[in-house]
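Order as written gives the chain letters A, B, C and D; numbering starts at 1 within each chain.
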Amino acid sequence: MELYQQVRTQTLALCQPLNTADHELQAAEFTSPLKWHLAHTSWFFETFLLKPHRPDYQEFHPLFGHLFNSYYNGIGQPYPRAQRGLLSRPTLDEVLAYRAHIDQAMQPLLNDARLQPLIELGLNHEQQHQELMLTDLLYCWAKNPLEPVYRQATQHSAEQTAPNWQSLTEGVTEVGHSGPAFAFDNETPRHRQWLQGGEIASRLVTNAECLQFIEQGGYQQPQWWLADGWSWISSLPPQERQPLYWRRHNNEWSTYGLAGRQPLDPHAPLCHISFYEADAYARWAGARLPTEAEWESAARLYPQQLQQLFGCRWQWTASSYQAYPGYRPAAGAVGEYNGKFMCNQMVLRGSSCATPEGHSRITYRNFFYPHERWQFTGLRLARDTH
Amino acid sequence: MELYQQVRTQTLALCQPLNTADHELQAAEFTSPLKWHLAHTSWFFETFLLKPHRPDYQEFHPLFGHLFNSYYNGIGQPYPRAQRGLLSRPTLDEVLAYRAHIDQAMQPLLNDARLQPLIELGLNHEQQHQELMLTDLLYCWAKNPLEPVYRQATQHSAEQTAPNWQSLTEGVTEVGHSGPAFAFDNETPRHRQWLQGGEIASRLVTNAECLQFIEQGGYQQPQWWLADGWSWISSLPPQERQPLYWRRHNNEWSTYGLAGRQPLDPHAPLCHISFYEADAYARWAGARLPTEAEWESAARLYPQQLQQLFGCRWQWTASSYQAYPGYRPAAGAVGEYNGKFMCNQMVLRGSSCATPEGHSRITYRNFFYPHERWQFTGLRLARDTH
Amino acid sequence: MELYQQVRTQTLALCQPLNTADHELQAAEFTSPLKWHLAHTSWFFETFLLKPHRPDYQEFHPLFGHLFNSYYNGIGQPYPRAQRGLLSRPTLDEVLAYRAHIDQAMQPLLNDARLQPLIELGLNHEQQHQELMLTDLLYCWAKNPLEPVYRQATQHSAEQTAPNWQSLTEGVTEVGHSGPAFAFDNETPRHRQWLQGGEIASRLVTNAECLQFIEQGGYQQPQWWLADGWSWISSLPPQERQPLYWRRHNNEWSTYGLAGRQPLDPHAPLCHISFYEADAYARWAGARLPTEAEWESAARLYPQQLQQLFGCRWQWTASSYQAYPGYRPAAGAVGEYNGKFMCNQMVLRGSSCATPEGHSRITYRNFFYPHERWQFTGLRLARDTH
Amino acid sequence: MELYQQVRTQTLALCQPLNTADHELQAAEFTSPLKWHLAHTSWFFETFLLKPHRPDYQEFHPLFGHLFNSYYNGIGQPYPRAQRGLLSRPTLDEVLAYRAHIDQAMQPLLNDARLQPLIELGLNHEQQHQELMLTDLLYCWAKNPLEPVYRQATQHSAEQTAPNWQSLTEGVTEVGHSGPAFAFDNETPRHRQWLQGGEIASRLVTNAECLQFIEQGGYQQPQWWLADGWSWISSLPPQERQPLYWRRHNNEWSTYGLAGRQPLDPHAPLCHISFYEADAYARWAGARLPTEAEWESAARLYPQQLQQLFGCRWQWTASSYQAYPGYRPAAGAVGEYNGKFMCNQMVLRGSSCATPEGHSRITYRNFFYPHERWQFTGLRLARDTH
């Protein structure tokens, strides 16, 4: 199975620009050290493939099952999440040896047809962590006044014209994944929903548009904000009442990113905003966020007309993350993958510039808490027509 | 307008069994002193009726507009919610005089046809606070080892048989309020939704059924719980890992309520549970919570077959509280009534034993945070059929 | 015993200007409702006099022993301090009846010579609570924009000239209480200390002097502050980085006190400052705080020359609150009165305008945490001479 | 100056057993990563020696002055303490290069007589950090279930007999440092204090003695504890209500230390206890803690009779950390070294097994908050004789 080798190698490739200490950082409970990601993605194969399906499998270390369990209570009590940054042992070299051990042990299983779904899950799981590795790293580095650089800056975006609006007509639509290709369980079952009709913007909101919101006082005016959003933004120090990583210095705006600190690119799609900010911006702009059914329908109907659907920004939707009707998590501990998080979070659609090649899907459901903004998150507007 | 007099009088009637100090209690930020409720419900008429519509209106006190504003940023900065219990002044007598002042000033407006919607809103608002007065009082009194009694206990419930299951067929359904009768803006507009089909229980879950869940270790087993629910329940002291106000003493269960502490009534509908508990119980029972569309459809289809729809327990649904498609809040500060809370909360349907007569509706949407359980909240099961 | 009647009556007299709800306020864990003070001071006699010394004593209510125990673990688990404001029952009338019940039951004991020390302790305990009643009330009322008034304002102070400095010579001094007259156990035993020599100011620091400190940026300059003091002051919102109850409005300073909000009296002694502020002010002024041994020696040596020793402001000293050498707390639960608090607090000497007549002593040791400032606290400077 | 080379080399020697990631750990705000210690101790020489005294000095990096400033507000705003563990850059190699840069730049200054006091301060400062490096490392490693080992275990201690009691007579004593040899400013000036008399134990309290306290319920009985100590111990999870790093498993006690997890050595001196625990143990044992004046006097009088004065455990005293009479901090930012911490902490005397050779003194004053116990802290009893 070629894909296995490719995904596993890609994970290591992401670490190329980094030194040993960069792998150890944990700036918040919701981020994990890169070393932990490297180990945990291997733990997934060890736990759900090797231990159940290779009776002769020799585990690499008796404590790794505890240390690198993320949140699977069915497997045992995980090591406390907030302390992942305190594991100077095992060392990075030991974790790399653990990965090699897993890769070798996996070889006999890779062509076992019955295991393909689980292996695919493991690889998609690892791809999700590839994206987290970059966003977690960025979040940690942003606390360092040295502002490290991960890669070269890209060119500035071309000027954007006003978006076109693509219409969505009222009626039954189908939402969700079906068929033999891989999808996460939370994308299933495919089912019908009633679409109310409206229209959706052909492109994402830009930095320049957000700057207008800022300059007109949007961050200081409660009328645009949900009550919880207003509480959240008011609880931040004043200099953080703007998109994450933005800074104003001598009247010049800059942002921090994987290319280090750069002048704000006005025509680039807005990034690192919370659901609360996305929702407030939309209300200020006389629009609203699309629901995930609208987003998915529009993406099916207008694959050409809608820009930046994938590979650019995760796009906040108006939909809270809940089970699709008829949703059934897998049996056993692997059923904890998605289902138990279906509360208090909002769905994002599309994918981002940090999403691995081949990991995007029209039915893909990403989800974060409404105040979180360390992912590459932006927004696409929608509006009613009547 | 007879209703005005009736609702306003009913608010005062609720205070009959209480002494002065009982009106001052605030045990948590989410509860308010009864005196504050008495004043705030009058403030509502002063702010949205008298000040805009009686140019000659003389306000009762220049600071009351600040003190008794709950959360309407469009009106000005409200007095901090967590400090409402610190207002020994104005006294209860002064607040009663304020109420009388408002009632008198309202007389000329009561028959003004253009103002009927706003007056009805004010009265429904006051009825919502009537229920809060009882639930807030109970929550505060529960902190007092003297366990005060508000009213006499009712008889124990008759034994319950297994529920019947009423079926819901797949297809388009209509949800929400339409027509001239009063409804809150969050119940509108009436719109179509696609129902997936399933069935819904004819009665609510009982105390005895919850006791089984407890005795089989349900509160100690993460597999039944949403991740956030498990975090929440684990953060409570062990003796609170059971429905609110329950207590086990010498192997006897009792509950505290408006009738003081009473032996647990096994056949009474379960009360004072959070969404997390409702959801965990349902999963343990091999069922799920109904969506609000299912609840509303079932209530329309089976008004006779479904017991305890109204006047018993608010019933948690699987639906997060969000705007109906096409929802528009009212213009001005009164538009803050409902819309800005449409995030992070879950919808409850029906009404409770503390809901005022005449305040229930099939389209009524109540909403609370998923961990909250000081309302009279219970659950009705639903399940898929395929 | 006439004193008993007098002290008990005086407690009630303090409540004369108040309404029922004023007795219920608790704005912070460190304050208690006046009703609770009324009950607790009676509980003290019930617990330490009536129950041990009147075998026939009938307790007023079986739960009061729990509800009104402040912190005596030897008596049982006290009701949680932070919830004292939630006790709407017993009512104020019931608490007054409790007081009357205690007073009557105490009659036979009042002339029992063996019990005089305990009775005196109970009365001095009650006098301490008399002062707390006023300071707690003020702290709670200060949260109310109506700014209630307890009593009439006094006249403004006459202009103050520079203080005289009274010298203290190096050598052995005696500190602490001895003899048959009443003193708290923490004032004993009388013992020798070595005084280093220096001088002490004849008067307290005034508001005008503190205003200079403020205007010269003292609250923004870390160099005057202890590290913990700087952390504390930096953690407060900017408008609280000044003495408690001060407010600047349109460039006019005012203070809130028992006479309501009043223009700042420049020549009145500074009040409501924490130890951290006192210490920072002293450092800025090129001086220091006196130790408690210096204060006591000076008060013995210069009773005429030192103004405002008593009845004005509690005066922060440089001394942390610790046991005198040879200190022994009383046997039994009453030994918890003072001894267990001898850590993390600072000693204040003198007495304040809120201290009851007859409750001051040259050896009296008051103590509060260094950040606390809701008492009538001020400072007297000292300095080295070499 | 040979000492310079020796101390600087010793700092690096401590890191020998460690890998790169071990240098990055910060498990609590009060600990710092070893890499940060390595840099900060160099920053001290750069800031207080090189910048003021070598006009031609070229700083190594323009941001290091900010990053490695601990708490000297006079130098500028320090990088937030709680985020020291987030500095993956500069790398350990860069920090070692920084150290080499400083060492080279210091060469011309080392024999400048006027600078000897400051250089000695810098070296003693570095020695203090040498001890912190070990205690911080241990605290962080203790969070890791792999329980890393820093060095080999030492042999178990020989059985201890009951301590002898050395008597201290009442009278004037001299306390503090004088003379030309190095001491920290907080040890000066030498001054007289009045000693009350008593006696002091010839040895430290052992693990076995503490075990008795534990087994007799000492950690569950409030009567032994200061009120703040009782609050503190009650706030900990039950399994931490014992000395830090102790663990009971299958009725066997073990401790974690630099030699990894080891069976509890009953006769070894008790270690890793807070002031609160020391004080509670002493009260339970019918004794008390010595004051720092008693400790210092006894150490002068009985250098032979008193065991374990130095190189074993820091010994909690009954004395709060305050300025000696006449104490003057140095001018400028270096004056922030000790003075501003003279509040809320308790003095420890002696030195520990982690204290560098040659860094102990009879007048040495160490200080920590009363709840802190990650240093090698123990206790020696004292008692009154009358």
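The definition used in the following text is that contacts are C-beta pairs under 8 Å (C-beta built on N, C-alpha and C of every residue); 3 or more make two chains touch, one makes a residue touch a chain.
Remember, predicted model here, so these are calculated numbers, not experimental data.
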Graph distance between chain B and chain D, where chains that touch are linked: 2
Any chain that touches chain C and chain B: none
Geometric centre distance via CA averages, chain B-chain A, whole Å: 36
Computed distance of Cα centres, chain C from chain A, in Å: 56
Length of the line joining the C-alpha centres of chain A and chain D, rounded to whole Å: 45
Chain A, residues touching no fewer than two other chains: none
Touch relationships between chains, expressed as pairs: A-B, A-D, B-C, C-D
Touch list for chain A against partner chain D, complex: 19-25, 27, 35, 63, 66-67, 79, 83, 85-92, 140-141, 143-146, 148
Interface residues, chain A side, partner chain B - complex: 71, 73-74, 170, 172, 191-194, 196, 222-223, 225-230, 275-276, 279, 291, 318-320, 322-323, 325-326, 340-344, 370, 384, 386
